[in-house]
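Given below, in the form of structure tokens, are the structures.
After this come two complexes, each holding chain A, first together with chain B and then together with chain C.
So, the complex of A and B:
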């Protein structure tokens, strides 16, 4: 314990590290331990019943788990790509507007303020087969048989994706628009004089400049992907017949409904590693991007 | 040709606006409609009559409480405010350390903090539920506040780090050669300059606590500590849903969030992009 150790940055960081240590690190170590036991909430003494890797072995053999895992990956792949694409499109669109741009930008932030649970409820209401806005709208055009958006096994997943995309596209749009507004005019004009068309300008000047902003947006998003749980939880609860079951809803079901904490913790470790790998990847890209931004 | 392009451009913008605003507007309208009108088939697009029935019931002006929304609102306000103040205070200290000092493993610690934040709420809730029950802080505001502080600290550090970096180091150095201590220089020079940015970080933290569901749904059990997002589920029965009631509580949740976001939107963007752009 030399004096160097207690230099001010260590002291300044201490409260943060204590808070995170108590609420995140210690519980995670504890859940790591429980994932090697047969702990059930209904039988407290089973906390000390060490079963080795059995929970993880059960996981590997569990078809439902792999289905949920695959579905989660698919969900994230589709949702994140579309959010990025739409966000970029919206940012380019709004960047072209000269009149009322600030107002539009503010309106665009609207979905960001919605709690995920609220987003879920809102789309549950819109997609409701009986009284939902969407079916009522289709009714106007003579489409009188109610479409079971959240009950049909294929439509349900699509409906959830739409809700998720509605909620999170604006983060991409806002950050990419900030990037677009910062692009210097000169290189674009020079390129135009040299005879580049719009696509070439976009590909060779705009997009490279936007890359850091894309990684900022992806990093911020990757911190929160687990919040999709809220949306799925309220919209379908993983149904119909587990067709929309993602890793997170499955963890909640097995942990709290079945009270099988050991198994649920083994599963949640997979989801934690997934999230962390995800964030780590984008974060390393971000650090590079940050260096690039700093140079300008 | 140019005319067509212009018209289709504005058509696209309008379509976008409708897509963004319509769901929220529909919730808002539904909150002030009587339930039979919501259930009408074919749909009743323009409300025949407006009612604040759901709100009076929620806030028990009639003395009859279906869902104790006022208590939930109070819990939400207290939990979000207290956790925000604490998270901002300790997060700001951390952000200052990252912006102003060079120390061993700096980038690794920063990365570690961010990764801690990436743990999905529902996965974290399993061990928290067991541990909090064991030490007896389950179903207390204190427990929820503790969790939200830890959830908000990493992001606050990220944002405030960026804001402190924008302030030239020399300003604090000048103050210190004039005889200020580091703390005085921070208090009198750097904090006022970073003020708006810290305000934005605070509102970001507030909104995260205000909107959080997965963890609170496990830690809070009764009216004693339930927040609004959890209370909202009171309207959701197994087979029937009180749509108007849910819309009303949704309005209660969203209005403060909208106001707060509008106040800070400019600083939010510049904070997230490390001040690389002017907002």
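So, the complex of A and C:
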């Protein structure tokens, strides 16, 4: 018996190694393997049908996949930017409040506490062209033709974005507020004495201090938004005519509805590249912003 | 190039009074030091002049203009903060030139003025560095440079040296004084360190609980403190303070410093003190010294006492004795051999003692 292997450090780490193995490594390797097979959920024996790179080759030629890929990038770009903008605005406003800040912070987090599925349902009925609150509200103001919010090929995407922004802007607000509260008072006062007005203080002092927090928030949210599924699934189901199909709604459809798991897994591995790219980009920015502040 | 005037200035935080009815005129080019224990309102006063703190009542004039409603940016004062408050994301150069950049000064002039400040403060090697790469003393210098570059009407210093170690503090103190001579500008300087106050100031203001206790030149407040607080605050080691009973004997008055130790009372004070039972006596450690020779002139009075403790410091030796159960420090400026427990003779110059009222703690003139 190899005495070294059963030395106490290895022995003590064994539970963690086993846990990580069963929870992460084995499923990861298994799914990676299936992306090289023609595995169909309905035919378990197809698991052993090794097809090499054929799933990936099919993928590269698949226009619908790349359309969903591009749509996801667009969705990420719009949602992240708007959430950042609104979140920053809210954080700055709350930071100014001297009374009731805690209560407001709690209230602000309510949308985060709802299940995304419920948020989806809620907005689905707000945007419904017949019985929806929004169209009825517009009707009161004399706008009589019903707007097909979730059916129109452009409006549908916008509607989902609004729902997503409503549900998650507060994450940005909370993270950025934490950043704001951590900014030392002195440099801001020094800048005011140095001749800055409020905007110049914000641009030259507050924002550089806030940058690391902005990038942390962007990193977290890019991962979250990148795997958007539930809201889209509930609100439009990827429709109309796949106009709101994002990567993960498409993967889920192919994997579970069409039971084509091998192909779906190949798509997942390509999609992960997107998440990695975003995370890498924001993380580099985060490190740079921290170095700028001399925090390393 | 401006004077600063405070009229009836008051600051309250809710019910707590930080500064109460402060009146003050600071002429152009004066180096004024506000000194006092923490919480005395000195920093608040400075921050009100800068415009960082709102005023509850009263008026502030800079260069004869009412600035109550003006933003800090419009007051043309520079401030040096206790923890430097440098902009961490800017290099030394950018820190120095920031205020000028904001004021949209011509790029060439910014360069020149930054260069000038860099030379005055000896920052040549450090221009491209960020604040995190500087030592405490260097950061302090950059903070001062940032103030200089603007050529303001007045400099405001908020305990600028308290984060530095003792040696550096002494060195920077000298530099600040030199800087003032070079720049010829009004300076308002806040500190809790009486040594800094004494060495730097043209005029000292001693504050306590939001009130001004005394205003005067360093020597004036040292020699003629108006009350027990000022007397003990200024000077190091602090003035010895003890309560003494007044004893009448042969139509003369004596202070009972200890059992069987009676110090004669100056005749000028007989009228006032004959009605009192006791007073507070203040004697600076340097005015109570071991007797050198027995040439007792008229104003020198001697007494004997046992030594409790001896602390040799080289240039002087501090001797601790007890009078009326209070620890009294005496300073000896020669290196005579003395031992703990030994009984030696001390001399007090009666002209130099301070007598305070027991109840009001104010000086009896």
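One rule holds for everything that comes next: the second predicted complex is superposed on the first by the 251 of 296 C-alpha atoms of A that agree within 3 Å, B and C clash if a C-alpha of one lies under 4 Å from a C-alpha of the other, contacts with A are read in each partner's own complex, and residues count from 1 in each chain.
In the analysis below, contacts are C-beta pairs under 8 Å (C-beta built on N, C-alpha and C of every residue); 3 or more make two chains touch, one makes a residue touch a chain.
Just so you know, these numbers come straight off a predicted model, no measurement behind them.
After overlaying the two complexes on the shared chain, residue contacts for A:26 are found with chain B alone; chain C is out of touch.
Contacts of A:151 after superposition: neither chain B nor chain C is touched. Of the two partner chains placed by superposition, A:67 touches none, neither chain B nor chain C. Of the two partner chains placed by superposition, only chain B is touched by A:226; chain C is not.
Touched residues of chain A, counted separately for chain B and chain C, are more numerous for B.
Looking at the shared chain after the overlay, A:162 reaches neither chain B nor chain C.
Chain A residues 293-294 lie at the interface with chain B in one structure and with chain C in the other. Partner chain B is touched in their complex by these residues of chain A: 7-10, 12-13, 15-16, 19-20, 22-28, 30-31, 34, 41, 90, 93-94, 96-97, 104-118, 121-123, 125-126, 130-131, 133, 136, 139-140, 166, 170, 174-175, 178-179, 181-182, 212-213, 216, 219-220, 222-223, 225-227, 229-230, 233-234, 248, 251-252, 255-256, 261, 264-265, 268-269, 271-272, 275-276, 278-280, 283, 287, 290, 293-294, 296. For chain B in complex with chain A, the touching residues are 9, 12-13, 16-17, 19-24, 26-27, 30, 38-39, 41-43, 90-91, 93-94, 96-98, 101, 103, 107, 109, 111, 113-124, 126-128, 130-131, 146-147, 149-151, 153-155, 157, 182, 207, 210-214, 218, 229, 232-233, 236, 243, 246-247, 250, 253-254, 257-258, 260-262, 265, 269-270, 272-274, 276-279. For chain C in complex with chain A, the residues that touch the partner chain are 50-52, 71-73, 75, 77-79, 81, 83-89, 98-99, 102-103, 130-133, 146, 150, 156. Looking at the complex, you find that chain A touches chain C at residues 184, 186-187, 189-197, 200, 204-205, 208-209, 292-295.
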